[in-house]
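Working notes for the structure below.
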Amino acid sequence: MIRVEFLGPIQKPSLELDIQNLSELAAVLQQDDEMSEWLTNCAVAVNDTLVSSLEVPLKDGDKVSLLPPVCGG
Amino acid sequence: MIRVEFLGPIQKPSLELDIQNLSELAAVLQQDDEMSEWLTNCAVAVNDTLVSSLEVPLKDGDKVSLLPPVCGG
Amino acid sequence: MLSLYDGALDVPVILKNWYEEEATNNYGAYIPFVGTVRSEDGIDGLSFDIYEPILNSWFSSWQEKAKAKGAVIKMAHSRGDVMLHESSYIASVFSPKRRVALEFIDEFVEDFKASAPIWKYDLLNGKRVYALDRSTAIKGSGILGEKK
Amino acid sequence: MLSLYDGALDVPVILKNWYEEEATNNYGAYIPFVGTVRSEDGIDGLSFDIYEPILNSWFSSWQEKAKAKGAVIKMAHSRGDVMLHESSYIASVFSPKRRVALEFIDEFVEDFKASAPIWKYDLLNGKRVYALDRSTAIKGSGILGEKK
(Lines give C-alpha, C1' and ligand atoms only; values in the text may rest on other atoms or scores of the structure.)
Protein backbone atom coordinates (compact mmCIF):
# COMPACT_ATOMS: atom_id res chain seq x y z
CA MET A 1 0.00 0.00 0.00
CA ILE A 2 1.02 3.58 -0.67
CA ARG A 3 0.24 6.32 1.83
CA VAL A 4 -0.78 9.69 0.32
CA GLU A 5 -0.58 12.77 2.56
CA PHE A 6 -2.02 16.23 1.92
CA LEU A 7 0.04 18.98 3.52
CA GLY A 8 -0.65 22.50 4.77
CA PRO A 9 -3.99 24.00 3.75
CA ILE A 10 -5.37 20.95 1.91
CA GLN A 11 -8.08 19.79 4.29
CA LYS A 12 -8.12 16.15 3.34
CA PRO A 13 -7.31 13.02 5.36
CA SER A 14 -4.51 10.75 4.20
CA LEU A 15 -5.29 7.94 1.74
CA GLU A 16 -3.98 4.39 1.54
CA LEU A 17 -3.92 3.32 -2.11
CA ASP A 18 -2.86 0.22 -3.99
CA ILE A 19 -1.02 1.85 -6.90
CA GLN A 20 2.22 1.23 -8.82
CA ASN A 21 3.29 4.72 -9.84
CA LEU A 22 2.42 8.42 -9.75
CA SER A 23 0.47 8.26 -13.01
CA GLU A 24 -2.02 5.97 -11.27
CA LEU A 25 -2.20 8.42 -8.37
CA ALA A 26 -2.91 11.27 -10.81
CA ALA A 27 -5.75 9.24 -12.35
CA VAL A 28 -7.28 8.57 -8.92
CA LEU A 29 -7.03 12.17 -7.69
CA GLN A 30 -8.36 13.61 -10.95
CA GLN A 31 -11.66 11.85 -10.14
CA ASP A 32 -11.90 13.95 -6.97
CA ASP A 33 -13.55 17.31 -7.67
CA GLU A 34 -12.33 18.98 -4.49
CA MET A 35 -8.73 18.17 -5.51
CA SER A 36 -8.84 19.58 -9.04
CA GLU A 37 -7.50 23.00 -8.15
CA TRP A 38 -4.76 21.59 -5.92
CA LEU A 39 -3.49 19.18 -8.55
CA THR A 40 -2.42 22.04 -10.83
CA ASN A 41 -0.39 23.87 -8.18
CA CYS A 42 0.90 21.16 -5.83
CA ALA A 43 4.42 19.78 -5.79
CA VAL A 44 4.87 16.07 -5.14
CA ALA A 45 7.35 14.31 -2.88
CA VAL A 46 8.01 10.59 -2.65
CA ASN A 47 9.44 9.60 0.72
CA ASP A 48 10.14 13.29 1.39
CA THR A 49 12.09 13.88 -1.80
CA LEU A 50 10.53 16.21 -4.36
CA VAL A 51 9.97 14.64 -7.78
CA SER A 52 9.35 16.34 -11.11
CA SER A 53 7.95 13.53 -13.24
CA LEU A 54 5.08 11.05 -13.06
CA GLU A 55 7.45 8.29 -14.22
CA VAL A 56 8.36 7.42 -10.66
CA PRO A 57 7.74 3.82 -9.60
CA LEU A 58 6.23 3.28 -6.15
CA LYS A 59 6.76 0.30 -3.88
CA ASP A 60 4.84 -1.00 -0.90
CA GLY A 61 5.26 1.33 2.10
CA ASP A 62 6.19 4.43 0.11
CA LYS A 63 4.81 7.79 1.19
CA VAL A 64 3.63 10.38 -1.31
CA SER A 65 3.11 13.99 -0.15
CA LEU A 66 1.30 16.82 -1.90
CA LEU A 67 2.73 20.28 -1.16
CA PRO A 68 0.56 23.27 -2.10
CA PRO A 69 2.06 26.74 -2.83
CA VAL A 70 4.32 27.93 -0.01
CA CYS A 71 4.92 31.23 1.74
CA GLY A 72 7.31 31.12 4.66
CA GLY A 73 8.75 34.12 6.44
CA MET B 1 43.55 82.97 5.00
CA ILE B 2 42.65 79.43 4.01
CA ARG B 3 43.08 76.57 6.46
CA VAL B 4 44.28 73.28 4.95
CA GLU B 5 43.76 70.11 7.00
CA PHE B 6 45.28 66.68 6.40
CA LEU B 7 43.02 63.86 7.57
CA GLY B 8 43.54 60.29 8.73
CA PRO B 9 46.98 58.81 8.13
CA ILE B 10 48.61 61.94 6.65
CA GLN B 11 50.96 62.96 9.43
CA LYS B 12 51.13 66.64 8.66
CA PRO B 13 50.06 69.67 10.69
CA SER B 14 47.44 72.03 9.25
CA LEU B 15 48.56 74.92 7.07
CA GLU B 16 47.29 78.50 6.85
CA LEU B 17 47.72 79.72 3.29
CA ASP B 18 46.95 82.91 1.43
CA ILE B 19 45.54 81.40 -1.79
CA GLN B 20 42.61 82.15 -4.09
CA ASN B 21 41.69 78.73 -5.44
CA LEU B 22 42.53 75.01 -5.40
CA SER B 23 44.92 75.31 -8.33
CA GLU B 24 47.15 77.48 -6.17
CA LEU B 25 46.91 74.92 -3.39
CA ALA B 26 47.95 72.18 -5.84
CA ALA B 27 50.97 74.26 -6.87
CA VAL B 28 52.01 74.76 -3.23
CA LEU B 29 51.60 71.11 -2.22
CA GLN B 30 53.36 69.81 -5.32
CA GLN B 31 56.53 71.50 -3.98
CA ASP B 32 56.32 69.26 -0.90
CA ASP B 33 58.06 65.92 -1.53
CA GLU B 34 56.40 64.13 1.37
CA MET B 35 52.98 65.01 -0.11
CA SER B 36 53.59 63.77 -3.65
CA GLU B 37 52.12 60.31 -3.10
CA TRP B 38 49.08 61.64 -1.23
CA LEU B 39 48.20 64.18 -3.90
CA THR B 40 47.46 61.45 -6.43
CA ASN B 41 45.08 59.50 -4.17
CA CYS B 42 43.46 62.11 -1.91
CA ALA B 43 39.98 63.52 -2.29
CA VAL B 44 39.45 67.20 -1.53
CA ALA B 45 36.68 68.87 0.44
CA VAL B 46 35.98 72.57 0.75
CA ASN B 47 34.10 73.42 3.93
CA ASP B 48 33.30 69.71 4.32
CA THR B 49 31.82 69.27 0.86
CA LEU B 50 33.74 67.06 -1.56
CA VAL B 51 34.76 68.79 -4.79
CA SER B 52 35.84 67.23 -8.07
CA SER B 53 37.54 70.12 -9.86
CA LEU B 54 40.36 72.57 -9.16
CA GLU B 55 38.18 75.39 -10.51
CA VAL B 56 36.79 76.11 -7.07
CA PRO B 57 37.26 79.66 -5.78
CA LEU B 58 38.27 80.02 -2.13
CA LYS B 59 37.45 82.90 0.18
CA ASP B 60 38.92 84.04 3.46
CA GLY B 61 38.06 81.59 6.26
CA ASP B 62 37.42 78.58 4.01
CA LYS B 63 38.62 75.18 5.14
CA VAL B 64 40.14 72.69 2.69
CA SER B 65 40.49 69.03 3.75
CA LEU B 66 42.53 66.28 2.14
CA LEU B 67 41.00 62.80 2.50
CA PRO B 68 43.29 59.84 1.75
CA PRO B 69 41.92 56.42 0.66
CA VAL B 70 39.28 55.12 3.05
CA CYS B 71 38.44 51.74 4.56
CA GLY B 72 35.65 51.71 7.12
CA GLY B 73 33.99 48.63 8.54
CA MET C 1 21.45 25.32 12.32
CA LEU C 2 17.67 25.35 11.90
CA SER C 3 15.43 26.09 14.89
CA LEU C 4 11.64 26.03 14.97
CA TYR C 5 9.66 27.74 17.73
CA ASP C 6 6.01 27.70 18.72
CA GLY C 7 4.76 31.28 18.27
CA ALA C 8 6.78 34.48 17.87
CA LEU C 9 10.58 34.55 17.89
CA ASP C 10 12.56 36.29 20.62
CA VAL C 11 14.65 38.21 18.09
CA PRO C 12 17.16 39.94 20.42
CA VAL C 13 17.98 36.66 22.19
CA ILE C 14 18.36 34.67 18.97
CA LEU C 15 20.57 37.33 17.33
CA LYS C 16 22.71 37.48 20.48
CA ASN C 17 23.06 33.70 20.79
CA TRP C 18 24.07 33.28 17.17
CA TYR C 19 26.57 36.16 17.40
CA GLU C 20 28.14 34.64 20.49
CA GLU C 21 28.20 31.10 19.07
CA GLU C 22 30.34 32.27 16.15
CA ALA C 23 32.30 34.95 18.01
CA THR C 24 35.70 33.26 17.76
CA ASN C 25 35.26 31.51 14.41
CA ASN C 26 36.86 34.35 12.46
CA TYR C 27 33.87 35.37 10.36
CA GLY C 28 34.18 38.98 9.21
CA ALA C 29 30.53 39.40 8.25
CA TYR C 30 27.27 38.44 10.01
CA ILE C 31 24.04 39.33 8.22
CA PRO C 32 20.71 38.42 9.79
CA PHE C 33 17.45 38.93 7.93
CA VAL C 34 14.51 39.41 10.33
CA GLY C 35 10.92 39.05 9.06
CA THR C 36 8.20 40.75 11.09
CA VAL C 37 4.40 40.55 10.74
CA ARG C 38 3.06 43.76 9.19
CA SER C 39 -0.35 45.29 9.81
CA GLU C 40 -2.08 44.95 6.43
CA ASP C 41 -5.56 44.18 5.16
CA GLY C 42 -7.02 44.12 8.66
CA ILE C 43 -5.23 40.96 9.80
CA ASP C 44 -4.66 40.21 13.48
CA GLY C 45 -1.56 38.19 12.69
CA LEU C 46 -0.28 35.25 10.69
CA SER C 47 -0.14 31.55 11.33
CA PHE C 48 2.27 28.95 9.90
CA ASP C 49 2.31 25.24 9.13
CA ILE C 50 5.68 23.62 8.51
CA TYR C 51 6.53 20.27 6.98
CA GLU C 52 9.77 19.48 8.75
CA PRO C 53 11.24 16.54 6.81
CA ILE C 54 11.47 18.47 3.55
CA LEU C 55 12.37 21.73 5.29
CA ASN C 56 15.31 19.94 6.91
CA SER C 57 16.62 18.52 3.65
CA TRP C 58 16.14 21.86 1.85
CA PHE C 59 18.07 23.59 4.64
CA SER C 60 20.85 20.99 4.62
CA SER C 61 21.41 21.52 0.91
CA TRP C 62 21.84 25.26 1.53
CA GLN C 63 24.18 24.61 4.44
CA GLU C 64 26.35 22.56 2.05
CA LYS C 65 26.39 25.39 -0.48
CA ALA C 66 27.38 27.81 2.29
CA LYS C 67 30.12 25.49 3.53
CA ALA C 68 31.62 25.35 0.03
CA LYS C 69 32.15 29.12 0.29
CA GLY C 70 33.42 29.00 3.87
CA ALA C 71 30.13 30.35 5.22
CA VAL C 72 27.52 29.18 7.73
CA ILE C 73 23.74 29.68 7.71
CA LYS C 74 21.42 29.79 10.71
CA MET C 75 17.68 29.97 10.50
CA ALA C 76 14.77 30.25 12.93
CA HIS C 77 11.05 30.09 12.09
CA SER C 78 7.77 30.15 13.96
CA ARG C 79 5.08 27.47 13.99
CA GLY C 80 1.48 28.47 14.68
CA ASP C 81 0.32 31.99 15.44
CA VAL C 82 2.44 35.15 15.32
CA MET C 83 0.67 38.42 16.00
CA LEU C 84 1.15 41.89 14.47
CA HIS C 85 4.63 43.39 14.91
CA GLU C 86 6.00 40.09 16.19
CA SER C 87 8.67 38.28 14.17
CA SER C 88 8.34 34.85 12.58
CA TYR C 89 11.55 34.41 10.62
CA ILE C 90 15.30 34.98 10.97
CA ALA C 91 17.91 33.82 8.48
CA SER C 92 21.58 34.61 9.05
CA VAL C 93 24.77 34.18 7.11
CA PHE C 94 28.24 34.25 8.64
CA SER C 95 31.15 34.41 6.22
CA PRO C 96 34.78 35.48 6.18
CA LYS C 97 34.13 38.18 3.56
CA ARG C 98 31.30 40.61 3.02
CA ARG C 99 30.54 39.93 -0.67
CA VAL C 100 29.82 36.24 -0.02
CA ALA C 101 27.53 37.14 2.89
CA LEU C 102 25.65 39.87 1.02
CA GLU C 103 25.03 37.65 -2.00
CA PHE C 104 24.22 34.57 0.05
CA ILE C 105 21.61 36.17 2.28
CA ASP C 106 19.77 37.47 -0.78
CA GLU C 107 19.82 34.12 -2.63
CA PHE C 108 18.93 32.19 0.50
CA VAL C 109 15.95 34.36 1.46
CA GLU C 110 14.57 34.33 -2.09
CA ASP C 111 14.86 30.55 -2.39
CA PHE C 112 13.34 30.19 1.06
CA LYS C 113 10.31 32.15 -0.13
CA ALA C 114 10.00 30.00 -3.26
CA SER C 115 10.83 26.56 -1.90
CA ALA C 116 10.63 26.09 1.87
CA PRO C 117 7.61 23.90 2.77
CA ILE C 118 5.90 26.42 5.00
CA TRP C 119 2.29 27.56 4.61
CA LYS C 120 1.05 30.96 5.70
CA TYR C 121 -2.44 31.84 6.91
CA ASP C 122 -3.93 35.23 7.71
CA LEU C 123 -5.59 35.46 11.11
CA LEU C 124 -8.86 37.26 10.35
CA ASN C 125 -11.66 37.53 12.90
CA GLY C 126 -10.47 34.40 14.66
CA LYS C 127 -10.23 32.40 11.43
CA ARG C 128 -7.15 30.99 9.71
CA VAL C 129 -7.30 31.90 6.00
CA TYR C 130 -4.70 30.35 3.65
CA ALA C 131 -2.69 33.15 1.97
CA LEU C 132 -2.90 31.60 -1.49
CA ASP C 133 -2.43 34.89 -3.37
CA ARG C 134 0.97 35.53 -1.71
CA SER C 135 2.10 31.91 -2.04
CA THR C 136 4.40 30.40 -4.65
CA ALA C 137 4.01 26.97 -6.25
CA ILE C 138 7.18 24.95 -5.62
CA LYS C 139 9.24 24.35 -8.78
CA GLY C 140 7.91 21.27 -10.60
CA SER C 141 4.37 21.66 -9.25
CA GLY C 142 1.35 20.55 -11.22
CA ILE C 143 2.46 17.14 -12.47
CA LEU C 144 -0.54 15.40 -10.90
CA GLY C 145 -2.89 17.63 -12.89
CA GLU C 146 -1.50 16.57 -16.27
CA LYS C 147 -4.19 14.79 -18.28
CA LYS C 148 -3.28 11.65 -20.17
CA MET D 1 20.59 57.23 12.99
CA LEU D 2 24.37 57.21 13.10
CA SER D 3 26.17 56.33 16.34
CA LEU D 4 29.92 56.37 16.95
CA TYR D 5 31.50 54.52 19.87
CA ASP D 6 34.98 54.50 21.37
CA GLY D 7 36.29 50.94 20.93
CA ALA D 8 34.35 47.77 20.10
CA LEU D 9 30.58 47.72 19.59
CA ASP D 10 28.25 45.86 21.93
CA VAL D 11 26.54 44.07 19.06
CA PRO D 12 23.72 42.24 20.93
CA VAL D 13 22.66 45.43 22.72
CA ILE D 14 22.72 47.58 19.57
CA LEU D 15 20.77 45.00 17.53
CA LYS D 16 18.21 44.71 20.34
CA ASN D 17 17.82 48.48 20.77
CA TRP D 18 17.31 49.07 17.06
CA TYR D 19 14.82 46.20 16.81
CA GLU D 20 12.83 47.57 19.72
CA GLU D 21 12.95 51.18 18.47
CA GLU D 22 11.25 50.14 15.23
CA ALA D 23 9.05 47.39 16.68
CA THR D 24 5.71 49.08 16.03
CA ASN D 25 6.61 50.99 12.85
CA ASN D 26 5.31 48.24 10.57
CA TYR D 27 8.56 47.32 8.87
CA GLY D 28 8.43 43.76 7.53
CA ALA D 29 12.19 43.38 7.07
CA TYR D 30 15.15 44.25 9.31
CA ILE D 31 18.62 43.43 7.94
CA PRO D 32 21.68 44.26 10.00
CA PHE D 33 25.17 43.82 8.58
CA VAL D 34 27.76 43.23 11.34
CA GLY D 35 31.48 43.62 10.59
CA THR D 36 33.91 41.83 12.91
CA VAL D 37 37.72 42.02 13.10
CA ARG D 38 39.28 38.88 11.62
CA SER D 39 42.57 37.31 12.64
CA GLU D 40 44.76 37.78 9.52
CA ASP D 41 48.38 38.60 8.81
CA GLY D 42 49.32 38.50 12.47
CA ILE D 43 47.40 41.61 13.49
CA ASP D 44 46.29 42.19 17.08
CA GLY D 45 43.34 44.26 15.97
CA LEU D 46 42.35 47.30 13.95
CA SER D 47 42.12 50.98 14.72
CA PHE D 48 39.92 53.64 13.10
CA ASP D 49 40.00 57.38 12.51
CA ILE D 50 36.72 59.03 11.50
CA TYR D 51 36.10 62.46 10.02
CA GLU D 52 32.65 63.18 11.36
CA PRO D 53 31.45 66.23 9.37
CA ILE D 54 31.68 64.44 6.02
CA LEU D 55 30.55 61.11 7.48
CA ASN D 56 27.41 62.83 8.75
CA SER D 57 26.56 64.40 5.41
CA TRP D 58 27.28 61.15 3.54
CA PHE D 59 24.99 59.30 5.96
CA SER D 60 22.23 61.92 5.65
CA SER D 61 22.18 61.56 1.88
CA TRP D 62 21.68 57.79 2.28
CA GLN D 63 18.96 58.32 4.86
CA GLU D 64 17.15 60.48 2.29
CA LYS D 65 17.46 57.77 -0.34
CA ALA D 66 16.10 55.23 2.14
CA LYS D 67 13.21 57.48 3.10
CA ALA D 68 12.21 57.80 -0.57
CA LYS D 69 11.66 54.03 -0.55
CA GLY D 70 9.90 53.97 2.80
CA ALA D 71 12.98 52.56 4.54
CA VAL D 72 15.20 53.61 7.44
CA ILE D 73 18.96 53.09 7.91
CA LYS D 74 20.83 52.84 11.20
CA MET D 75 24.58 52.64 11.51
CA ALA D 76 27.13 52.26 14.30
CA HIS D 77 30.91 52.43 13.98
CA SER D 78 33.90 52.27 16.30
CA ARG D 79 36.56 54.94 16.81
CA GLY D 80 40.02 53.90 17.97
CA ASP D 81 41.09 50.33 18.71
CA VAL D 82 39.01 47.20 18.15
CA MET D 83 40.66 43.88 18.92
CA LEU D 84 40.42 40.49 17.19
CA HIS D 85 36.91 39.00 17.07
CA GLU D 86 35.37 42.23 18.29
CA SER D 87 33.00 44.15 16.01
CA SER D 88 33.56 47.65 14.64
CA TYR D 89 30.63 48.19 12.28
CA ILE D 90 26.88 47.62 12.08
CA ALA D 91 24.64 48.89 9.30
CA SER D 92 20.91 48.09 9.31
CA VAL D 93 18.03 48.63 6.97
CA PHE D 94 14.38 48.51 8.00
CA SER D 95 11.83 48.46 5.20
CA PRO D 96 8.24 47.39 4.60
CA LYS D 97 9.25 44.82 1.97
CA ARG D 98 12.15 42.40 1.72
CA ARG D 99 13.42 43.27 -1.79
CA VAL D 100 14.03 46.90 -0.88
CA ALA D 101 15.87 45.89 2.28
CA LEU D 102 18.01 43.23 0.56
CA GLU D 103 19.05 45.59 -2.22
CA PHE D 104 19.56 48.57 0.05
CA ILE D 105 21.83 46.86 2.55
CA ASP D 106 24.09 45.71 -0.29
CA GLU D 107 24.29 49.12 -1.97
CA PHE D 108 24.73 50.92 1.34
CA VAL D 109 27.55 48.68 2.60
CA GLU D 110 29.41 48.87 -0.71
CA ASP D 111 29.16 52.66 -0.88
CA PHE D 112 30.18 52.85 2.77
CA LYS D 113 33.37 50.95 1.92
CA ALA D 114 34.10 53.23 -1.05
CA SER D 115 33.09 56.61 0.35
CA ALA D 116 32.75 56.89 4.13
CA PRO D 117 35.61 59.03 5.52
CA ILE D 118 37.02 56.39 7.87
CA TRP D 119 40.64 55.25 7.93
CA LYS D 120 41.73 51.81 9.03
CA TYR D 121 45.01 50.86 10.67
CA ASP D 122 46.37 47.43 11.51
CA LEU D 123 47.54 47.03 15.09
CA LEU D 124 50.89 45.25 14.71
CA ASN D 125 53.33 44.86 17.61
CA GLY D 126 51.90 47.90 19.33
CA LYS D 127 52.10 50.04 16.18
CA ARG D 128 49.28 51.57 14.13
CA VAL D 129 49.95 50.81 10.44
CA TYR D 130 47.70 52.48 7.83
CA ALA D 131 45.96 49.78 5.75
CA LEU D 132 46.63 51.48 2.41
CA ASP D 133 46.44 48.27 0.35
CA ARG D 134 42.84 47.58 1.50
CA SER D 135 41.75 51.21 1.17
CA THR D 136 39.84 52.86 -1.65
CA ALA D 137 40.45 56.35 -3.02
CA ILE D 138 37.23 58.36 -2.75
CA LYS D 139 35.63 59.13 -6.13
CA GLY D 140 37.20 62.27 -7.59
CA SER D 141 40.52 61.78 -5.79
CA GLY D 142 43.78 62.96 -7.26
CA ILE D 143 42.86 66.44 -8.50
CA LEU D 144 45.62 68.09 -6.45
CA GLY D 145 48.21 65.91 -8.18
CA GLU D 146 47.33 67.15 -11.67
CA LYS D 147 50.27 68.97 -13.21
CA LYS D 148 49.63 72.24 -15.05
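Should a chain be cited, it is by its letter among A, B, C and D, assigned in written order, with residues numbered from 1 in that chain.
FYI, contacts are C-beta pairs under 8 Å (C-beta built on N, C-alpha and C of every residue); 3 or more make two chains touch, one makes a residue touch a chain.
In this text, all values refer to a predicted model and were calculated from it rather than measured experimentally.
Trainee: Between chain B and chain D, which partner chains are common?
Mentor: Touches both chain B and chain D: nothing.
Trainee: Need the most distant chain from chain D, centre defined as the mean of C-alpha atoms.
Mentor: A
Trainee: Can you check how far apart chain A and chain B are, centre to centre, with Cα atoms defining each centre and the answer in Å?
Mentor: Whole-Å distance between the two chain centres: 71.
Trainee: Can you give the whole-Å distance between the Cα centres of chain A and chain D?
Mentor: Inter-chain centre distance comes to 50 Å.
Trainee: Taking each chain's centre as the mean position of its Cα atoms, how many Å separate chain A from chain C?
Mentor: Centre-to-centre distance between chain A and chain C: 25 Å.
Trainee: Taking each chain's centre as the mean position of its Cα atoms, how many Å separate chain C from chain D?
Mentor: So the centroids are 26 Å from each other.
Trainee: Please list all residues of chain C that touch 2 or more other chains.
Mentor: 35, 98, 109, 113
Trainee: List, in ascending order, every residue of chain A touching at least 2 other chains.
Mentor: Correct list: 73.
Trainee: Can you identify all of the chain pairs that touch?
Mentor: Result for touching pairs of chains: A-C, B-D, C-D.
Trainee: Flag every residue of chain B that touches chain D in the complex, lowest number first.
Mentor: Chain B residues touching chain D: 7-9, 22-23, 25-27, 29-30, 36, 39-45, 48-54, 65-73.
Trainee: Please name which positions on chain C make contact with chain A in the complex.
Mentor: 35, 48-51, 53-54, 57, 77, 88-89, 109, 112-121, 130-132, 134-148
Trainee: Under the touch definition given earlier, write down the residues of chain D that touch chain C in their complex.
Mentor: Of all residues in chain D, those touching chain C are 11-12, 15-16, 19-20, 23-24, 26-39, 85, 96, 98, 101-102, 105-106, 109, 113.
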